[in-house]
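There are two complexes below, and they share chain A, which is joined by chain B in the first and by chain C in the second.
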Partner chain A sequence: MRGYWWKFAGVLIFLYVLIGGMTIPTKAGIISVIPGNALSGESLNLMITGYNTHFTECTELRAWLKLDSVHVVKSKTIKKISERTAEFLFHIPSVFPGKDKVQPLTLIIDNEIDGVFVQPNAVFITVNDSIAPDSSDWLLGSLENLHEAKGTKFPFRNILNETIRNTFFHVALWFAMFVLLILGVYHAIQYLITREYDHDILSSSYHRIAIMYGIFGLITGSVWAKFTWNTFWTTDVKLNMTAVAMLIYLAYLVLRGSSSDYDRRAKISASYAIFAFLALIPLVFVIPRLTDSLHPGNGGNPALGGEDLDHTLRLFFYPSIIALILLGLWMSELLTRYERLKEKILLKNQ
Partner chain B sequence: MNITKVKDIFLKELSIEFRQKFALAGIFLFASTVVFLIFKSFNNINPREWTILIWIIMLFAGLNAIVKSFLQEKKETYLYYYTLFDPLDLIIAKLLYNFVFLCFLFLIILGLMGLFTGFPVKDTGLFLTGAAFGLFGISIVFTFVSVISVSESGNSTLMSILALPLVLPILLLLLKITAVSIRLLTDTAIMEDVWMLVGVDSILLGAMLLLFPGLWRS
Partner chain C sequence: MKKFLSLTLIHILWIVPAKAQGDSLDFLRSTGKIYSVVAVIAVIFIGITIFLYRLDRKLTKLENQINNEQ
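After this line comes the complex of A and B, so read on.
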C-alpha cells in the first residue's frame, strides 16, 4: 500500500476532475439580443435570450446599456417571459458623445442569483442628427450594487460556451505529455552514458505513453475545434506543428519495431529520441509564438494567465495536470514491468 | 578535428562519386524527368505551384542521392575507416560532402525549372540565403538518418521513414521564405524565419556531432 499511494492519488484526482469538471454549471450568459441595431432617440424593446439564467426566479432583475465608463442607460420596464427569456425596454438617448455615426452599446444584466453578466457590442446605435437634448438622458456615473454569482461556477464565454471544460483535458494532456517526454529523453541520455538496458526499457515506455497522450491531445483538440472554430482541422500553426511532431515520434515507434538486435536497437532509438526532442523544441515552442495562431496566447504572450484562466478553472486544471502525469507514470510503469518480464523470459529460454 | 583529414575524406567521397558515374547520372536523370513531367502536365505553372514543386523535387531527389552516401560502401570498409579516422572528422566530411552535393543538385534542378517553367523569384538574395541554410539543415538530417540506417544493416526504407518527418520543420520554413522571395506573401519580419532556420540547423548539428561517435562504434 505504501508504495502505491500515488497511483490511488492519480485515480482519485482524475475522478475529482472528471466529476467536478463535468457537473459544475457555467455562469449565466447572453445568447441572443434582438434587435441588434436601433436609432438614437427612440425606445427600444430588447428581446434577450440568456443561458443558465434565472429571470423569473430572481427578484432584483436590472439591465443597463453602456457606452463607456460614464455613459449608461438603465432599462425602464422589464417583462419576464421565462427563466431564459425576457424583454427589456430602453429609451435610447438622442445625444451621443463622440462623432462616430454608429456606436456600439454593451448590455449588462444583473440579478441576485446569477450575478452580473455582460454581452459586449450587443446593440449598434445609428446616431440621428438631433437638435435638442430630450429628457431621457444618460445616467451618468458608474454602476453600483452589482451582485456576485452564487456558488462555484465556470465562466461563460461566447463561442466556447460549455466546451470550456475541455481545458482540463486538452491542455492538461499536453503538459503531461511533455513531462513524460522529458523523462523519456532523460533515460535515453542515461542509456547512452551507462549502457544499462533497463534505461532503454524505461525510455521507450515513457515515450510510448507520451505519444499516446499526444494523440489524445490532438483528438480532444480536434473535437474542440469542431465546436468553436467549426472545423475538425484548421491551418493553424500550432495544430500543424504538433502534427509534425507526432509524425516524428511515430517514426520513433517504427524505428523501434524495425530491429531485433536489442543492443543496437537501444542505442539507435536513444540517439533518435534525443535528436527528435531537439527538433521538437523549435517546432512547438518557437515557431507558433512567431506566427499568428487561433490558439490563445500567441503573439508572444503566454496562454495561461490573466482572464483566460478563472480561479474556478484553476481549481480543476492544475489537479488535472497532476492526475494525468501520475496516471501516465503508472501506465509507463506497467509497460516497463511487462518489458522486463519479457527480457527475463528471453534470458531464461536461452 | 583535423582539417587535412576532413579534406582527404571529402576528396575520397568525390572521387568515388565520379567513379560510379551511373549513380550520379541516375540522380540527374531523375531530376530532369520529374521537371519535364511537371512542365508537360501543368503547361502553365504559377508561382505558388513553382514554390511547392521545386522543394518537393529537391526533397526526393536529395533523399535518393544521400541514401547511397553511407550505403554504397561495404561493412569491412567501415571497419577500416574506424581504425583510420576520428569519427568527428568522418561525419563532418560526410556532412560537407552531402551539403555540397545537395547544393549542386539544387542548382541543376533550379536551372531545369528555370528552363522549362520560368524563374519567378523576385528577391534572389533572400531566396538563395534561405535555400543555403535550408539545404544545410536537410543535409544534417539526411546524414544523421543515413548513419542510423547503416547501423540497421543498410535499410533504405527506414531512411525515408525517419528522414521525412524530421525535415518537415525545415521544409515548412523554407517554403515560407521562398513564398516571400517570390512575393506571394509579404512579411517584414522574414529575417526572423531565416534566423530560425539557422537556429534549427545549429541545434541539429550539435545533436548530431554529440551522438555520432556513440553510434559509429557499432
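After this line comes the complex of A and C, so read on.
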C-alpha cells in the first residue's frame, strides 16, 4: 500500500469533485420573460419562467424593474402559477429619464428561499411622449431587505446555466496540463545537464500525459462551446492559439517517434521540449489577453473571479486540479515504468 | 482495481443524470444543459480508457518479447 496513497487520494478527490460538482444545485435564475417589450405608461403583465425557483413555496416574493441605480418600479400584483412560473403586474411609468427612445429594464426578483436574482435587459420600453407626464410611479432609491440564497449553491449564469460545472473539468485539465508540462521541461533540462537517460524517460512520460490532457482540454472545450457559444469551434484567439500550441506539441511526439538513435532522440526532444514550452507561454497567456476573447480573463476582462468563480465553485475547482495532477502523475508513472522496463530489456539483449 | 474504477465511473455517469431526470419538480438538469457536463466527463473517461488500452497493448508486446526470448 505504501507508495500508493497519492494515487488513491487522486481518485478519491476526483470522486468528490464528480459527486459534489454534479449534485449541488445552481442558484435561481430567470429563463424567459414574456413579453420582452412594452410602451411607457402602460400596465405590463410579465410572464416569467424561472430556473430552480420556488415561487409557490416562498412567502415574500417581490419583483422590480430597474432602469438605473435610482429608477425602479415595483410590481403591483403577483400571480403565482407554479414553482417555476409566475405573472408579475407592473405599471410602467410614462416619464423616463434620458433621451433614448428605447430603454432597457433589468428584472430583479427576490424571495426568502432563492435570494435575489436578476435578468439584465429583460424588458425594452419604447418611450411614448404623448401621455401626460407623471413621475410618481418611479420608486426612487435603492432596493432594501434583499435576501441571500439559502444553502450551498453554484452561481446561476445566463447562457452558462448548468455548464458552469464544466469549470471543474475543462479548466482544471489545462491547469493540470501546465503542471505536468513544467515537470516535463524540468526533466528535459536535467537531461541536457546530466545526460542521464532516465531523465529523458521521465520528461517524455510527463509530456505524453500533458499532451493527452491538452487534447482532452480541446475536446471538452469544444463540447462546452457547442452548448454555450453554439458552435464547436469559433475564431476565438485563445482557441486558435491553443490549437497551434497543441500542434507544436504533437510535433514533439512525431519527433520522438522519428529517430531510433536513443541518444540523439533524447537530445533533440529535450531541446525541442524547452522551445515548445517557451512558445506555449506567449501563445496561451499573452496573445489572448491582447485581443478580445470569449474566454473569461482575456481581452481586458478581469481574470477568473466574481460570479465566474465564486467560493462554492472554488470548493471543487481546486480539488479538481489536484486530483487531475495526481491522476496525471499516476499515468505518467506507468509510462515511465514501461519505458524503463523496455530499456532494461534492450540493454540485456545487447 | 481497474475494473472497480471503471465500474464506479460508469455508475456515476449513469446515476447522476437518471436521478436528475426523476426530479420532475424543476426539470433542472435536462434543460439546464447538464448533459454537456456529462459529455465532458465522458470525454475524459473515454480518453483515459484509450490511454489504458494503448498501454495495455504496449505491455503485452513487451511481455511477448520477454517470453519469446526465454
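Criterion: the second predicted complex is superposed on the first by the 336 of 350 C-alpha atoms of A that agree within 3 Å, B and C clash if a C-alpha of one lies under 4 Å from a C-alpha of the other, contacts with A are read in each partner's own complex, and residues count from 1 in each chain.
Just so it is clear, a contact is a pair of C-beta atoms (placed from the backbone, for glycine too) under 8 Å apart; a residue touches a chain by one contact, two chains touch by 3 or more.
Worth saying up front: this structure is predicted, and the values here are computed from it rather than measured.
State whether chain B or chain C is in contact with more residues of chain A in the superposed arrangement.
Tallying touched residues of chain A, the top partner is C.
Is A:His199 in contact with chain B, with chain C, with both, or with neither (first, second, both, neither)?
In the superposition, A:His199 touches no partner, neither chain B nor chain C.
Give one of first, second, both or neither to describe whether A:Ile274 is in contact with chain B, with chain C, with both, or with none.
Touch status of A:Ile274: first partner only.
Regarding the shared-chain residue A:Val223, is it in contact with chain B (first), chain C (second), both, or neither?
After superposing on A, A:Val223 lies in contact with chain C but is clear of chain B.
So, does A:Met22 touch the first partner chain B, the second partner chain C, both, or neither?
It touches chain C, and chain B stays clear.
Output check: A:Thr163 vs chain B and chain C. Expected answer is one of first, second, both, neither. What do you get?
second
Go through the superposed model and pick first if A:His207 touches only chain B, second if only chain C, both, or neither.
A:His207 contacts neither chain B nor chain C.
Between chain B and chain C, which residues of chain A are contacted by each of them?
none
Report the residues of chain B in contact with chain A in the complex, numbered from low to high.
144, 148, 151-152, 155, 158, 161-162, 165-166, 168-169, 172-173, 189, 192-193, 196, 199-200, 203-204, 206-208, 211, 214-215, 218
Looking at the complex, which residues from chain C come into contact with chain A?
Per the touch definition, chain C meets chain A at residues 5, 8, 12, 16, 25-26, 28-29, 31-34, 36-37, 39-41, 43-44, 47-48, 51, 55, 58-59, 62, 65-66, 69.
Quick one: in the complex, what on chain A touches chain B?
Going through chain A, the ones touching chain B are 192, 241, 244, 247-248, 250-251, 254-255, 258-259, 264, 267-268, 271-272, 274-276, 278-279, 281-283, 286-287, 290.
Can you list the residues on chain A that touch chain C in the complex?
Listed in rising order, the residues of chain A that touch chain C are 11, 15, 18-19, 22-23, 25-26, 31, 51-53, 83-84, 160-163, 165-166, 169-170, 173, 212, 215-216, 219-220, 223-224, 226-228, 327, 331, 334-335, 338, 341-342, 345, 349.
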